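The following pair of complexes shares a single chain, chain A, combined with chain B in the former and chain C in the latter.
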Partner chain A sequence: MIESALAGLVLILQWKALAFMLLGILLGFWVGLLPGLGGVTTLALMLPFIYAMKPHEAMAFLLGMHSVVATTGDITSVLFGIPGESTTAAIILDGHSMAKKGQAGRALGAALSSSLLGALVGALALALAIPVVRPLVLAFGSPELFMLAIVGLAFIASLSGQGARGMVRGFIAGGLGLLLATVGQDPQAGVARFTFGTLYLWQGLDIVAVLVGIFAVPEILDLVVRGSSIAGDAPVGQVRKGVLEGVKDTFHHFGLAIRCSLIGTFIGITPGLGGPVAQWMAYGHAVQSARTPEERKGFGRGDVRGVIGPGAASNSKEGGSLIPTIAFGVPGSASMAVILGGFFLMGLVPGPDMLTKNLPITYSMVWTIVLANIITVIACLIFLNRLASLTNVPGTLLVPVILVLIFIGAYTANNQYGDLIVMLVCGAIGWLMVVAGWPRAPFVLGLVLGKIAENYLYISVARYHASWLTRPIVLALFAIAVVVICYPIWQARRTRRSEHA
Partner chain B sequence: MRIRFALATALALLALVGCNRQTQAPYFEGKTITIVVGYKPGGGYDATARLLSRYLPKYIPGTPTVIVQNMPGANSLIAANYVYAQAKPDGLTLGTFNRNLPIGQLLKVEGVKFDMLKFAWIGSAASETTVLAIRNDLPYKTFADMKNAKDPIVVGATGPGANTYDFPLLLKEFLGVNLKLVSGYSSSADIMLAVERKEADARAGSYTSIAPFIQRGLVHPVIRSRASEPEIANLPTDESLAPNPRAKAMMALRSSPEVVGRPYVMPPGTPDNLVQILRDAFTKAIADKDLVAEAKKADMSLNYVTADEAVAVMKEVLNQPADIVEEFRKYVKFGE
Partner chain C sequence: MHNKASLALGILVMIVSASGLISAWGWPAKAALFPLVICVPLFFLAAAEVLWALFGAEAASASDFKLSEHLPQSVALRRTGIAAAWILGFFFGILLLGFLVAVPVFVLAYLKIQGGRGWVFSAVFTAVVWAFFYGLFDLLLHLPFPAGVLLSWTGLR
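Right after this comes the complex of A and B.
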């Protein structure tokens, strides 16, 4: 195993492979930064270029590009409150709030360092998991995946406001998300649900258009109304400083970063849960780390832990999602589906062979993820001060540019006007939620988990009737879900008691 | 005044020269042909279009640029409606859509605003064969073994309207195989994983997508649909086992669009000479040595199905007696 790991490193350090990786990184950097220009689409566009490459070169190129998209997507999310990718929306809640308080530098520092940490953990998990990966993935059937979705939904409890009122609002928002997830043609009976006679809604709501609406539109309105720059009156010096402080923050909350990286890796390994889920579960976990109600209130208003959690998870997920792709030929995310196409082009057949005969190539992928992330983070750290200064640019100059970006971003979801309407309607919903003090995170969580929960519940019942309820992993996950729901309640009770004492 | 006149004359002369040049130069020179794909990037329809877009220019006089535009949504109804009614019939738009669109038209699905027979047909870039593959560790070696199964055989599927669902459904209804259909998996790869972890026993799908798993020794195919590939020519077809003409008609209706697996059309009213140029280009591009090599690497197998053959299939699907259509409607829905 050690020899294979070294052989993999040697493969990737050949000048041609390295050059292709750098090219990939350069492309991925911009794709991530620009909202709407999705990583998946770009990967698909790049596939024809790999015909002339050797397998390890092609993988260095594709994975190099793929691994940095999530990192630079975080930057857009933090600076402007626009999700750079559908997988980097959760970081907006606290990251962009920090930017508004004039701490853009610190938020970016924390986002990038946690991304790097997450990527390293994910790659390490991938390297270590290679011998045991097949039984691990096979242990997760549809009932387990359904329960995992329930665990994810349970995080609504910690993503809601405090008190009974906050909780009720959170669960209503989550329910609305679940409801919107049912839009489109259902896979059991083939019935078109809530499509109102339009063809556009057959495929369901596009997550990118919804996220851009929910998060970016309220930010833009806010910026216009305030009439100042994003960072308000914060002095330029303060905004640009702080990067190092953000890096320190990550190490200060090292345990949290590692735990969220593991959450990301795990979600990545489990095919079928999809990319956007990991960051929200990590965010929910980060919120749980608040020890007092005051601390809890700080989340969503610029707590650095709300940046570190999703930042770590969205990058560690990628190492994880390579596992089912390599070992089974089953992609763990949409991007991996395209990379899988690349495998076939290279004559690599995913499956047991990749873990034995082609092990060096598998390890060269691990090394690509590691190197690409290190290079990107270093490159970003150099530009970070300048990027952070963007939050000092007056809103009147920034708003037109952001508007163009979000319209393009939403439109590229399906290249249809419907995308823009969805974006605007969701923008109105998002704005109302902000104004009325309703939490947006449970809504998004419901939306991304709705289809998964529905389909796997159906499959579980159709396949196993009721006997799936007694499977050990299902029971364990159910217990976790109960703990996740009860923890905030228990926490609130404990603080109340200590106040009385 | 005189200067103005001179200028006007010069311009008119220039325009004349321009026209003259245009009549001599090939129509497609300096132009861009757009292939409208009814799906997002990344799938089989998209991959085929992108492969063709790189080889077609070589075989079209004037070597135009060929680009791919994705217009996803509503199982490619949106793209088909666009190419049918909105795209100009100037030879610069090609469309490639869901092979099941004729089924959608037959069942009068809401949103179908085209007539498959009125498109200017180029043909199909490939045929797809649906097979049912079952896990190797089960005691069923052949389809005959499966028919004797006492316990239900679990077949994983994506949803109605997809070949993963419709093909086994008709086997179950008309050939009396003890199958249990479980749908809701997000993709065909997802079903394969369910087969691997023994949640599902079998799955149906296009032979090209199952082939890697057959090579890996996970599953073996037991029955196939009408269109065929050399490796599986010996398998029984669903239609050959049909107990009565009615069952056979249902199966034939479901599988005939597969012969036109990657349909390519142009807007109705596109001039015949331009359509013919594209047909010739398709014939030659799909036979191109380099294209064949590339397709082989990507596990795609392209074969050109002529426009006449494609139209014949469309007619076969669309000219069904009303009672057959009503019966068919009970089983098959229009989908992906």
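Right after this comes the complex of A and C.
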């Protein structure tokens, strides 16, 4: 095993493989930064270019690009409140709030260092888990995966609002997201649901258009209302400082970063759940780490733990999602499906061969994730101060540029004007939710989980009828969901009692 | 404002979930199962929120960002209206003129009217934004940006 790991490192350090990896990193860097360009689309666009490469060079190129997209996507999310990628939206809640308080440097430092930590944990999990992951993946059938989706939603819905009313609002937002996920052609019976006779809605609502609307539009409106820069009156010097402080924060909350990395890895391993779920689950866990309801109120308003959690999870899931892709040929996400296409183009067959004959190539992928993330984080840290000072640029200059980017970002999702309308409608809903004090996180998670949850629920009912509810892992996950819902209520009561005493 | 918005959202969700229920009733069981499972609790939760907004006193806030509160409400609402008008204006500009024309027109107009910048600065800034947009998305990535309705009608593109 160690020999194969070293052979993998030697493969990746060959000049051609290294050059292709650096090229991939460069492309991934910009793809992550620009909201209009999706990581999956770019991966697909790059597939034709790998024909002339050797397998380890092709994987270095594709994985090098893919590994850094989430990292640099965090930068756009923190600085401008626009999700650079659909997998980097959760970081906006606290990251952009920190930027508005003049702590952009600190938020970026925390995001990047936690991303690196997450990537290392994910890569380590990939290296260690391949021989032992099979029973874990096989233990999760459709009923368990459905319950896992429900636990995720319960997590975020119960934790994103304060008090009983806040929790109800969280569940309404989550339910609304789940309901909107049913728009489009139903996969089981082929019925067009909630399409209002339009062909555009048959394919459902695009997550990018919804995310851009729900997060970016309220931020833009607020930026115009304030009439200042993103960082407000915070002096330039203060904004630029704090990168090191953010890095220190990650190590101060090391346990949280590791736990969120493991959440991301686990979600990555589980086929079908995908990156957006990983970061929201991690965000939910970060909120849960607050010891008191008062402390929890700080989340969404610039708590650095709300940056560290999703930052770590969004990158650790990459290593995790490679595990089922390599071991069973089951891609854990859309981007892994494209990378699986790359495997076949190179003549690599996922399965036992990747763990025996081609083990050095498998390890070269682990090394690519590690090296690509280290290189990206170092490059980002060098330019971070300059990037952070963008939050001092006057709003009147930023608003037109950001608006151009969000309109292009929404339009390029499907190249349809319908996406612009979806973005504007979701923008209005997002603004109304912010005004009303409704959490937006459960809405987005509901939308992301909706299709997955529906498929698993249908398969569970069709295959097991009602008996799926009595499966041991389902019962355990149900118990976790109940605890997750009841814990904040119990915590609030305990605090009230101790205040009265 | 806070409670009124929550009331409006609650009523909106009640209407959406009720119409979802009515629509799903006519579908085959396979297609109706999931919407029905969601719409029933969603309707009652939204009804609870509406009652809370009408009669309840308990305050609630979300772990989410809050809009700036340092300005008087009337000023904030007026500025929000202006910002919304710019966003809608840009959207209709794209529909009528297409991205390639609407982007520079919008950036220049925003800088001049809303930003109060000089002509030279506005023109240079607009040129840089347009060159970036055109160079990356059109020349390099060949993304299909259709001509606007107005340009198509007049036969200019």
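Note that the second predicted complex is superposed on the first by the 497 of 501 C-alpha atoms of A that agree within 3 Å, B and C clash if a C-alpha of one lies under 4 Å from a C-alpha of the other, contacts with A are read in each partner's own complex, and residues count from 1 in each chain.
Following the convention adopted for this analysis, contacts are C-beta pairs under 8 Å (C-beta built on N, C-alpha and C of every residue); 3 or more make two chains touch, one makes a residue touch a chain.
Just so it is clear, the structure is predicted and the values come from calculations on it, not from any experiment.
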In the superposed model on chain A, is it clash or fit for chain B and chain C?
-> fit
Where does A:Leu469 make contact in the superposed view: on chain B (first), on chain C (second), on both, or on neither?
-> neither
Of the two partner chains, chain B (first) and chain C (second), which one does A:Ala7 touch, if any: first, second, both, or neither?
-> neither
Expressed to the nearest 10°, the angle that the Cα centres of chain B and chain C make at the Cα centre of chain A is 80
Based on the superposed arrangement, let me know which partner A:Phe407 touches: chain B (first), chain C (second), both, or neither?
-> second
Is A:Leu26 touching the first partner chain B, the second partner chain C, both, or neither of them?
-> neither
Answer with first, second, both or neither: which of chain B and chain C does A:Val349 touch in the superposed model?
-> first
Answer with first, second, both or neither: which of chain B and chain C does A:Ala189 touch in the superposed model?
-> both
On chain A, which partner's contacts cover more residues, chain B's or chain C's?
-> C
Give one of first, second, both or neither to describe whether A:Gly197 is in contact with chain B, with chain C, with both, or with none.
-> first
Using the touch definition from the top, say if A:Ala492 reaches chain B (first), chain C (second), both or neither.
-> neither
Partner chain in contact with A:Ile459 - chain B first, chain C second, else both or neither | first
Check the superposed model and tell me the shortest C-alpha distance between chain B and chain C, rounded to whole Å.
-> 7
Footprint intersection on chain A (chain B / chain C) at 186, 188-189, 415, 454, 458
Given the complex, residues on chain B that touch chain A span 40-42, 46-47, 50-51, 54, 69-75, 77-78, 81, 110-111, 154, 158-161, 180, 182-187, 189-190, 192-194, 196-197, 199-200, 212-213, 215-216, 294, 297-299, 333-335
For the chain C and chain A complex, residues of the former touching the latter | 1-2, 5-6, 8-10, 13, 16-17, 20, 23-24, 27-28, 30-31, 33-35, 37-39, 41-42, 45-46, 48-49, 52, 56, 58-68, 71, 76, 79-80, 82-84, 86-88, 90-91, 94-95, 99, 103, 106-107, 110-111, 114-117, 125, 129, 133, 136-137, 141, 143-144
So, in the complex, the side of chain A touching chain B is made of residues 40-41, 43-45, 47-48, 51, 137-142, 185-190, 197, 199-200, 202-203, 271-272, 324, 328-331, 334, 337-338, 340-341, 344-347, 349-352, 414-416, 418, 454-456, 458-459, 462-463
Would you pull the chain A residues touching chain C in the complex into a rising list?
-> 34, 36-37, 81, 93, 96-97, 100, 159-166, 168-172, 175-176, 178-179, 182, 186, 188-189, 191, 193-194, 217-222, 224-227, 287, 296-297, 299-301, 306, 394, 396-397, 399-401, 403-404, 407-408, 411-412, 415, 417, 420, 424, 427, 431-441, 453-454, 457-458, 461
